[in-house]
Every structure is written in structure tokens, then in C-alpha cells.
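Presented sequentially are two complexes of chain A, the first with chain B as partner and the second with chain C.
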Partner chain A sequence: MIPELGHISLITHLILSLFAGTVPLAGLFLGRQSFLLHIERFSLILFSLITVSFLCLVYSFLMDDFSVAYVAQNSNINLPYYFKFAATWGAHEGSLVFWILAMNAWLIGFTFLTKSKDKKFSQLVFSISCQVMFAFTLFTLFTSNPFERILPVPPLNGSDLNPSLQDIAFTVHPPLLYLGYSGLLIPFAIAVAAMLFQTETRVWASYARPWALLSCGFLTLGIALGSWWAYYELGWGGWWFWDPVENAAFVPWLLSVALFHSLITSQNRGLFGKWSVLLSIFAFATSLLGTFLVRSGILTSVHAFALDPERGVFILAILAFFIIGSLTIYSVKDFAKTSSNTTYTLTSKEFGFLLNNLLLVILAISILFGTIFPLIYESITAGKKISVGAPYFEAVLFPFALALGALQGLALFLGWGKTTSFTFLKRLILESASIFILVLLILFILFDNLYLNSFVIIFLATWIAAGTLQFGKIGSKDYFKIIQRRSAVIFAHVGMAILTLGIAVVTNYSLEKEILLAKGDSYQIEELDVSFDSIEDSVGPNYLSKLAKVSFTEGSSTKQVIAEKRTYFPSGQPTTEAGIETEVFKDLYVSMGDNLEADIWSFKVQVKPFIRWIWLGALLIAIGTIISGVRLTRRL
Partner chain B sequence: MRKIIDILPLLVFAALVLVLLSFLSDRDDQLETVLIDSTFPEFSLTNLSDESSILGKKDISQLPALINVWATWCIACRVEHPFLMKLKEEEALAIYGLNYKDNREKALDLLKRDGNPYVFSIYDYEGRLAIDLGVYGAPETFFIDKEGIIQERHVGVIDEKVWADKFQKYLDE
Partner chain C sequence: MNPIRKQRLYALIAILIGSLLATWLVTSALSENMNLFYSPTEIKVANLDNEILVRAGGMVKEGSIIRDTDSLNVTFTVTDYQNELIIKYEGILPDLFDENAGVVVRGNLNTDGTFTAIEVLAKHDENYMPPEVAEMLIEEK
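Here is the complex of A and B:
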């Protein structure tokens, strides 16, 4: 009964979202006041319906109801309860329900917090959002229904959740990512409404900004957690693989960053109105496009979703309807007229934001192109395969990322209209150069080595940090005030500096070695002594595992870690769990390879200095954007 | 001039949608045609019921035949199982199993318990033959005619309707 309740609730959500997506719209354009809805109340009703649906699915998982096909495919009696819970969004069908839930949550945020004097504007945003939610619900019910039953003979046990997804980071990574994706719906709907009503740029930008920031914050958290998960779960020791799914999340992230920066200018100066609208549309479009690429099966990656061409067509249809629709409005409506004669010069903050946007968009397009190119190549050459990997992305992105970082260091000093004084430059160069030398000194003490390759990026990191924190003003009495007023921006930009430093060090100072070890033997890698102490069998709730105890000895200190190789018995699929010893400045990392003879195993040993700083940086960026987003919602 | 710039994003995006759509239809065709009309690929894998016996293409000797990809972890395969048993009884064709990424003991237990519709099952733990066949997942079924040519492929459960629509015609010929 419970799954049917969830099913009915989802169908009701479908009908009501269609109603809310069409009736107020008709009311607005026919001028019928009576067609308008009480949107606060209506968004609560929609939210409750989808919540019921979601909870019914959770319940089916927790109760091991294997007559529900989705549960049978993604759970198992032996699965621990917290993974049963997380399995709800672990595969395609359930993740869609979560996605709709998240869109509803954002819409509630919008309807309750935006105290627009213009009631019609809110009605329109609400109605457009409901159209998108209707399309998603329709997609879910028709191609990916999570409540479908296997009757009359339900299986006795399920086939288990994909083992590599049975992990703590995984339980939170997808929801955060989906929250980020779905949040981009609100700026999109606001932008479309702004075009239709020819709303003044400053006004609509102030509505859209908090939601763009919050989505970006959640996207950052989601992507960072995904990267961390891949690091210890896939056993490769990397933090970014240019995998199509990673790219599919990275592109909307870049565009959301471009968007909220552009919106600052739109809100404060009434400029970039059209550009902000385009970014809102494309940020939303790329979040859908990513979903399309991953779930239609036209790109393959480590993220295995059930493949189904029919789903691909459906998502493409949703994408085409909303994006072609909004771009058509864009091409015919005469909006964002620059009535004010605001001018700006090449040294202005406006121009800084323009450059920032240009660079971010170039990065996004390059990544998108690199992701889709293998498909284009395959169809031109009639089936020849090509893979575009790290070398392409690194070579193409590096110069633009460099320029972006250089700009970021200067950004906070620029003034609206034009920058009057450039005295800050001398101080900035001096400060960043001194921190740079300090960082090099620390690296030399830590690793006895300096790599020229890393200098440019390390300098960039110190440049951004110095430009953000403005150490020169320490001591002056308003320094604390500046820091406090700008805390959001400082968190985000310092986060960027820390992330950049992490990337510079980890790419240049990492050690990596594949070794064979017999039990009791040890191996020397530079000053690190790696010894294979013991191996034992162990049994988990739904897997068997081999546990290898490996010790790292450096000078007089010895640390033991446990690397693990699991075989999940419902599916027979193996996974590796790396053994990682985390120190402030480096990670010692070992993952198990194959069992060659009796007690001889292959291991992959890695030393990863500063790798944690990458995720720390991302965390700070997320904190910064979320603080800023939350502050702005209070001013709505 | 200004108007052209305003229409540009629309044109670019519409072009992108068309490109993506063409990929999608390409994919569909490939799925259907890649192996149709070609002979069954060579392989060398063990027999599910006997670890020491190596099977090859020559062992698929009773034609026409169905090659059915199955596994114990595959729920849909259990739904399909009774229908395969019925086919074995009623039709003049051999059914060979391709046991896919499975546990040998569990697979044999299942056949013992629910009946064995297969002449034999090829044990493909690593999915080698499955890769050559371009298997999407289990269950999946291929029809091989009297000359050893793959004539039809079905992804998903075979039931009365699928059988009548896609496979029956080859036996009638």
C-alpha cells in the first residue's frame, strides 16, 4: 500500500503542478485576477505531496519491500539501514524524486522570502517553475517510475546497491549536487519572468542573486564531496579525472559563478541585463544537459546509471522546450533597455566583472566542447573512438584559469565606474611576493625540494590571498570592519587561494609507486619506508574483505593504515578502500592491487602533499557563497 | 544588426539540440545493427556446471538457438525464467545461457531449484564474451539462425508478446 500512496502522491503532484504551471500564466496574460493563485499556500501543497512520495520510497527501502522494482534493484536485506536510506537517491529513478523535492524546496524559499511589491512577478516565476516541475514529474512517471512493482512474484532479496556507492561521502554527495542543480531553476524562472514583464534590471537581479549564490554553494559542496569520494574509493589517488559526469557538474558550476558575479553588476549598476538573463538560462540549461549526457547513455563514465535511449529523448525534449522557449522570448522581447546612461571605463569594477564573466564562459565552453567532442568525432569518422582527457583540458584551460586568478587578485580593489588610484598595486605586489617566498620556504623545509613548474601557480595563490586579505591594512582601525563586512567574499576568495595552492603542490610534489610486497617485507620510497605487516580476512554486513595492514615509517615515527579489498556478495563486485594516513601537510595513501601468489600482493603507494587543501578550499568557497546567499535573502 | 545578436543564442542552442538528437538516433541504430547479420563471436570460457571444461563457439552446435544472458543477481531474469522453461518444452530450438558476472555456486543452485532451460551455460565472470556481444545488461537475448548468423536481439525480459513480435517469425520461416 505504501508504494501506491507514494505513486498517487506523485501523480497528484503532476496534476497540480500542471495546473499551477498554466492557470496563473493564463490569468496574467488574459488579465483575469481570479486565475491567480495563493502561491505560498500552493507551494506548500506541492511540497507536501512530493515529500509524501519521497518518504514512501524511503519507507519501501527501509522495510525491504522488494516487490518495488527500484528497491529490488538497488537494495538488499544485508545492506546497513543508513545505506538503505541513501539508496533512495542512489540510482536514476529515486534521484529524480529527490530532484523534484529539491526544486519544490527552492520554490518555497522563493515564494516566502521574496517580498516583491509586484505580485504578478512572483506569480509568473511560480508558474514557470511549476511548468519545469511538471515536466520532471512527467518524465519520472513515464520513463523512470520508482514505484513500479514486480508482481505477482516479488524477489526474496534485492540485487544490492552499487558497492562503490556504499559509502558515507556518497550518501551526502548526490543530494547536495541535486540541490545545487535544482536551485538554478529559480534564477532561470526569474530571468524569463523579467523578459516577459520587461522588469528593470536592478530589480530582477536583486531577486535572482541569492538563489544563484546558494545553488553555487551547494554545487561546490556536492562537487568537492564527489572528488573526495573518488579519491579514496576508486583507488586511483587522484582528485579530478575529467570524467564526463564531473564535467557535467563543473560546467553549470562555472556558469553559476559567472552568473552571480554578473548579477552584482546588474543589481548595483543596472548593467549587463541581457547578459545576466543569458547566463541564467544557460546555467539552468547546462544543469539539464549534464543530466541528459549522463543518463541517456550517450556518454559513459564511472557513474553508471541505467541506460535507456527513451529517457534521453525525453530529457532532450524538456531541455529543448524550456531553453528554446526562453531563448525565443529573448530574441523577440525588447527588455533590459539601458535607460540610465551608466558608463564605465577599462579600469572599472564593471569591466573587471565583464572579464571575469568572459573567462568563466570560455572555460565552460571549452569543457563542454571537450566532453561532447568524442561524440562528434565518433559520428564524423563513422565509429572511430577517441577519448579527450586531462592533457586537452589542462592545456586549454590553463591560460584562462591563470588570467582569471590574476584578475581575482586585483578585483576587490577596483571601483565602480573607474578606479581612481592604483597605489594598491605596489603594496599588492610586495605583499604577495613576500607570502610567496614564505610559502616556498615552508615547502623547502617540508619536502627538501622546490619545483620550478609549480612557481607560477603558487604565486597565483599568494596573489589571490594577498589581494583578498589586504594585509597592508592590518593595524588600521577599519581593517576589522572591512573583514567583517566582506566576510563572504573573503571566505570564497581565500578558499580559491587555498584550493589553488593545493593543486600546485599536489601536482608537483606527489610521489606514486606501484610495488609488489610479500607479507613481512618492506620497500623504500625516498625517505619513506613502506612495510606490509599482515593480511587477514574479514566479513562485513554484505561483503567479504581482505584487510592488509601497511606501515609507513619516516624517521622515527611509524603509522599503520589498513587497506582493504572488498567483494560484495550480492553482486560479486569488488571495490578497493584505500588506507590513508592524513597529516596536516600530506596524505600517505596505499591501495591494494592483485594477489599474485600466496602472500604476495601488489600495492599502489602514494604520497599526496596538500591534497586536503583542495577540499578545504572548496569548503571555504561554499561557506562564502552560502553566507552571501543567506544574507541577501534577508534583504529581499 | 542588433536583432541578429539577439537571435544568435537561440540558433546556437537549437543547433546543439539537433547534434545531440543525431547522437541519440545513432546510438539506437547501433544497438540494433552492430551484430545483426554477423556470425556469433569466438570465445573460450568455462562451462558453468564444470569448471574444467572449456567451451567455444563450436560447442553451440544445435541450431537455431537462443543465447540468453542471465545472472542470479538479475531480478528480471527470474521473471523471464518460467517463460524460457516453457520455450524449451514447446519449441524446436536450443537455448544456451550466458551466465554473466555471477557466482558459480549460486547460479547452479538456482538452476537446480527453478529448473534448467539451457543446453549449457557459459560462465562469463569477467564479461568477456558479453563485451564482444555488446551486452547492455541482463537479461538480454540473441537469436541465431540455422547458418549461425545472429538475426535478432532483445534487451530485457522476453515474454509471450515479445516472443510473438520479434522471434516467432524466424522459426516459422
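Here is the complex of A and C:
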């Protein structure tokens, strides 16, 4: 009964979102007041419906109802209850329900917080959002129904959740990412409404900005968690692989960063109105495109969703409808009128934002291009298959990162219209140079080595840091108040500096070695002594495992970690759990390879300096953008 | 020039320079980092340059995995059920690497017709087949 309740609830959501997506729209354009809805109440109803659906699915997982096909495919009696819970969004069908839930949550946020004086505007935004939610619900019900039953003979046990997903980071990574993706719906709907009503740029930009910031914050958290998860769960010790799925998240992230920066200019100066509309459309579109690429199976990726070309076509149709629709409005409506006639020069903040946006957008396009190029190549050469490797993306990213970083260090000092004084430059150069030397000194003390290759990026990091910190001090009469007022931008920009430093160091200072060790033997990597102490069998709730105790000895300190090789018994699938010793400046990392003979195993041993700084930086960026977003919602 | 037109000119020049640089960057990076995929049958007739990095793939032949016991060297044979290709690799194989599983390798062809891999790919999911291999098997069966 419970799955049917969830199913019915989802169908009701479909019908009501269609109603809400069309009737107020008709009301607005036919001038019928009676067609307008009480949107606060209506959004609560829609939210309750999808919540019921979602909870029914959770219930089916927790109760091991294997007559539900989705549960049977993604759960198992022996799966611990918290993973049963997380399995709800662990595969395609359930993740869509979560996605719709997340869109509803954002929409509630919008309807309750954007106390727009313009009631009609809110009605329109609500209606457009409901159209998107209708499309998603339709897609879910017709191609990916999570409540489908296996009747009359349901399986006695499920085939289990993919073992590499049975992990704490994984339980939170997808929801955060989906929150980020789905949040981009709100700026999109606001942008479309702004075109239709020819709303003044400053006004609609102030509505859209908090939601763009919040989605960016959640996207950042989601991507960072995914990166951390891949680091310890896949046993490769890398943190970014330029896999199509990662790129599918990175591209909307870049565009959301461009968007909220562009919206600052739109809100404060009434400029870049059309550009901000386009960015809102494409940030939203690329978040859908990512879904299409991943779920249709047309790109080779390590993320294996159950693939179905029919789904791909459906998502493509949704994508086409909303892109073509919004671009048609874009081309026929005369909008982005601004009351002010502000002008800017080459030294202005406006021009800084223009360059920032240009760089971010061109970078996003280049990455998207590299990601889908195998498809283009295959279709023009009649079936020849290629892959585009990580070196492509690195080569493209590097110059853009340089330019963006150089700009970022200066950007906060630029003034609207034009920058009147450049006295900050001298201090900026001095401060960044001294931090740079300090960082090099620390690196030299820590690792006895300096790599010329890393200098440029390390300097970039110190340049950004110095620029941000110095900005924090400008006009400091009441130091505390200024820091408080600027904390968001300081968090986010310092986060970027820390992230950059982390990347520079981990890329140049990492050690990596694949070795064979017999029990009791040890191996020397530079000053690090790695010894394989013991191996034992162990049993988990739904897996058997081999535990290897490995010690790292450096000078007089010895630390033991446990690396693990698991075999999950429902599926027989193996996973590798790395043993990691985390220190402030480096991680010592060991993962198990194969058992070659009795007690001889292969191991991958790695030293990863500053790798935590990458995720710490990302966390600060997320905190900064979320603080800023939350603050701006209060001012709505 | 009036300030508004001047402003547009700045934007236009920035966009122009940006896109030109990006185009140059993308094409040069792409031409160096594109790896073509070959099945064992295709690799036989392709007459490949030994220097070029390519990708190859197929099913791992049963009983073909030979590991060294005192090093990380391993050889195995991939097949498309018409032709076979011997792959040499030094390193740890991915978790899901197994007999009768689809794999994709990246590396270069040796003069003796064997293939030296610098990377062996298998996927997160045991039921998952690399699309290249899946399509190859459908085409050639």
C-alpha cells in the first residue's frame, strides 16, 4: 500500500504542478485575477505531496519491500539501515524524486522570502518553476518510476546498493549536489519572468542574487564531497579525474559563479541585464545537460547509472523546450531597460566583472567542448571513438586560472565607474611577495625541496590571499564591523587562495609508488618507511574483508593505518578502502592491490601534501557564498 | 567617442581576444590529447605508429591473466572474439578487472604486436560494460 500511496502522491504532484504551471500564467496574460493562486499555500501543498512520495520510498527501503523494483535493485536485507536510507537517492529513480523535492524546497524559499511588492512577478516565477517541476515529474513517472512493483512474485532479497556507494560521504554528496543543481531553477525562472514583464534590471537582479549564491554554495559542497569520496573510496588517491560526470557538475558551477558576480553589477549599476539573463538560462540548462549526459549513457564515465537511451531523449526534449522557449522570449522581448545611464572605464569594477565573466564563461565552454567532443567526433567520422584525456583539460584550465587569479587579487579594490586611486597596488605587491616567500620557506622546511613548476600557482594563491586580506582592512574604523560586513567575500576569496595553494602543492610534491610487500617486510620511499605489519580476515554487516595493517615510520614517529579490501557478498563486488593517516600538512595514504601469493600483496602508497587544503578551500568558498546568500534573502 | 560606445568597444575587444585565445588553446590542446579507440581486429590492420598513445579494449580472455610473482608486471589477452591482443602492464589492476570482463586500456602498440598499457580502466559497477567494448562486440559478432 505504501508504495502506491507514494505513487499516487507523485501523480497528484504531476497534475497540480501542471495546473500551477499553466493557470496563473494564463491569468496573468489574459488579465484574469481569479486565475491567480495563493502561491504560499500552493507551494506548501506541492512540497507536502513530494515529501509524502519521498518518505514512502524511504519507508519501502527501510522495510525491505523488495516488491518495489527500485528497492530490489538497490538494497538488500543485510544493508545497514543508514545505507538503506541513503539508497533512496543512490540511483537514478530515487535521485529524481529527491531532485523534485529539492526544487520544491527552493520554491518555498522563494515564495516565502521574496516578499516582492510585485505580486504578479512572484506568480509568474512560481508558475514557470512549476512547469519545470511538471516536466521532471512527468519524466520520473514515465521513464523512471521508483514505485514500480515486481508482481506477483517479488524477490526475497534485493541485489544490493552499489558497494562503492556504501559510504558516509556518499550519503551526503548527492543531496548537496542536487540541491545545488535544482537551486539554479529559481534564477532561471526569475530571469524568464523578468523578460516577460520587462522588469528593471536592478530589481530582478536583487531577487535572483541570493538564490544564485545559495545554489553555488551547495554545488561547491557537493562537488568537494564527491572529490573527497573519490579520493579515499576509489583507491587511486586522486581528487579530480576530469571524468564527464565531474565536468557536468563543474560547468554549471563555473556558470553559477559567473552569474552571481554578474548579478552584483546588475543590482548595483543596472548593467549587464541581458547578459545576466543569458547566464541564468545557461546555468540552469547546463545543470540539465549534465543530467542528460550522465543518465543517457552516451558518454563513457566512471559513474554508472542504469542507462537507458529513452531517458536521454526525454531529458533532451525537456532541455530543448526550456532553452528554446526562454531564448525565443529573449529574442522577441525588449527588456533589460535601465533607468540609469552609467558608464564605466577600463579600470572600473564593472570592467573587472566583465573580464571575470568572460573568462569563466569561455572556460566553461572549453570544458564543455572537451567533454562532448568525443560525441561530435564520433558523429562526423561515422563511428570512430576517441577520448579526451585529463591533459586537455589541464592545458585549457591553466591560462584561464592564471588570468582569473590575477584579476581576483585586484578585483576587490576596483571602484564602480572607475578606480580613482591605485595606492593599493604597492601594498598588494609587497604583501603578496612576503606571504609568497613565507609559504616557500614553510614548504622548504617541510619537504626539503622547492619545485620551480609550482611557483606561479603558489604566487597566484598568495596574490589572491593578500588581495582579500588587505581589502578586509580598508577604511577600518570599526575593524570588527567591517570584517563582519565583508566576511562572506573574505571567506570565499581566501577559500579560493587555499584551494589554489592546495592544488599547487599536491600536484608537485606528491609521492606515489606501487610496491609488492610480504607480511613483515618494509619499503623505503624517500624518508618514509612503509611496513606491512599484518593481515587478517574480518566480517562486516554485508561484506567480508581483508584488513592490512601498515605502518608509516618517519624519523622517530610511527603511525599505523588499516587498509581494507572488501568483497560485498550479495554482488561479489570488491571495493578498496584506503588507509589514510591525516596530518595538517600531508596525508599518508595506502591502498591494497592484489594478493599475489600467500602473504604477498601489492600496495599503492602515496604521500599527499596539502590535499586537505583543497577541500578546506572549497568548504570556505561554500561558507562564504551561503553566508552571502542567506544575508541577501533577509534583505529581500 | 561617447562613453557608452567606448564601453561597448572595450567589451567587444575583450570578447574577441578571449575567444580567439580560447579557440587556439582548445584546438592545440585537443590535437595533442585525443586518444583513438581500437578493437583487437582494428589494431591489426591499422598499422599504428608505436609512439602514439591510443586506447584499445575488449573482453579479458579466460585463463589469460599471468602475473609475475616478484614484480607488478602482468600480462593478459583481450579479445573481440575474432582477434586477440596481448596487453602488458605494470601496476595494480582496478578492483573490477577480471576474466570475461570488459576493459579499456590506454598505451601504445609495440613493434612485436603486443600492447603496453599505462592505464587500465574498469568501472564502478560490475554490470557495467565500457560502451566502446559493448558496441564493438555487437558490431563484430
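Assume the second predicted complex is superposed on the first by the 623 of 636 C-alpha atoms of A that agree within 3 Å, B and C clash if a C-alpha of one lies under 4 Å from a C-alpha of the other, contacts with A are read in each partner's own complex, and residues count from 1 in each chain.
Just so it is clear, a residue touches a chain if its C-beta (ideal position, glycine included) is under 8 Å from a C-beta of that chain, and two chains touch if they have at least 3 such contacts.
Note that this is a predicted model, so its numbers are computed, not measured.
S.K.: For A:I600, decide between first (touching chain B), second (touching chain C), both and neither.
M.R.: Touch status of A:I600: second partner only.
S.K.: Chain B or chain C: which reaches more residues on chain A?
M.R.: Looking at chain A, the partner in contact with more of its residues is C.
S.K.: Output check: A:S557 vs chain B and chain C. Expected answer is one of first, second, both, neither. What do you get?
M.R.: Touch status of A:S557: no partner.
S.K.: Between chain B (first) and chain C (second), which, if any, makes contact with A:Q33: first, second, both or neither?
M.R.: neither
S.K.: Is A:L278 contacted by the first partner chain B, the second partner chain C, both or neither?
M.R.: first
S.K.: Which residues of chain A are in contact with chain B in one complex and with chain C in the other?
M.R.: On chain A, the residues that contact chain B in one structure and chain C in the other are 297, 571-573.
S.K.: Under the touch definition given earlier, write down the residues of chain B that touch chain A in their complex.
M.R.: By the definition above, chain B touches chain A via 3, 6-7, 9-10, 13-14, 17, 19-24, 26-28, 31, 73-75, 78-79, 101-103, 125, 136-137.
S.K.: Show me the residue ranges of chain C that touch chain A in the complex, using the header's touch definition.
M.R.: 3-4, 6-7, 10-11, 14-15, 18-19, 21-22, 25-26, 28-30, 32-37, 55, 67, 69-72, 91-93, 95-96, 104, 106, 123-128, 130-132
S.K.: Inside the complex, what are the residues of chain A that reach chain C?
M.R.: Contact set of chain A toward chain C: 162, 164, 235, 297, 300, 302-304, 341, 343-344, 346, 351, 354-355, 358-359, 362-363, 365-366, 369-370, 373, 377, 384-389, 391-392, 395-396, 399, 514-516, 571-576, 593-594, 596-597, 600, 602-604.
S.K.: Which residues of chain A touch chain B in their complex?
M.R.: Against chain B, the touching part of chain A is residues 66, 69, 72-73, 150, 153, 155, 158-160, 278, 281-282, 285, 292, 296-298, 306-307, 309, 312-313, 316, 319-320, 323-324, 327-328, 330-332, 372, 375-376, 379, 569-573.
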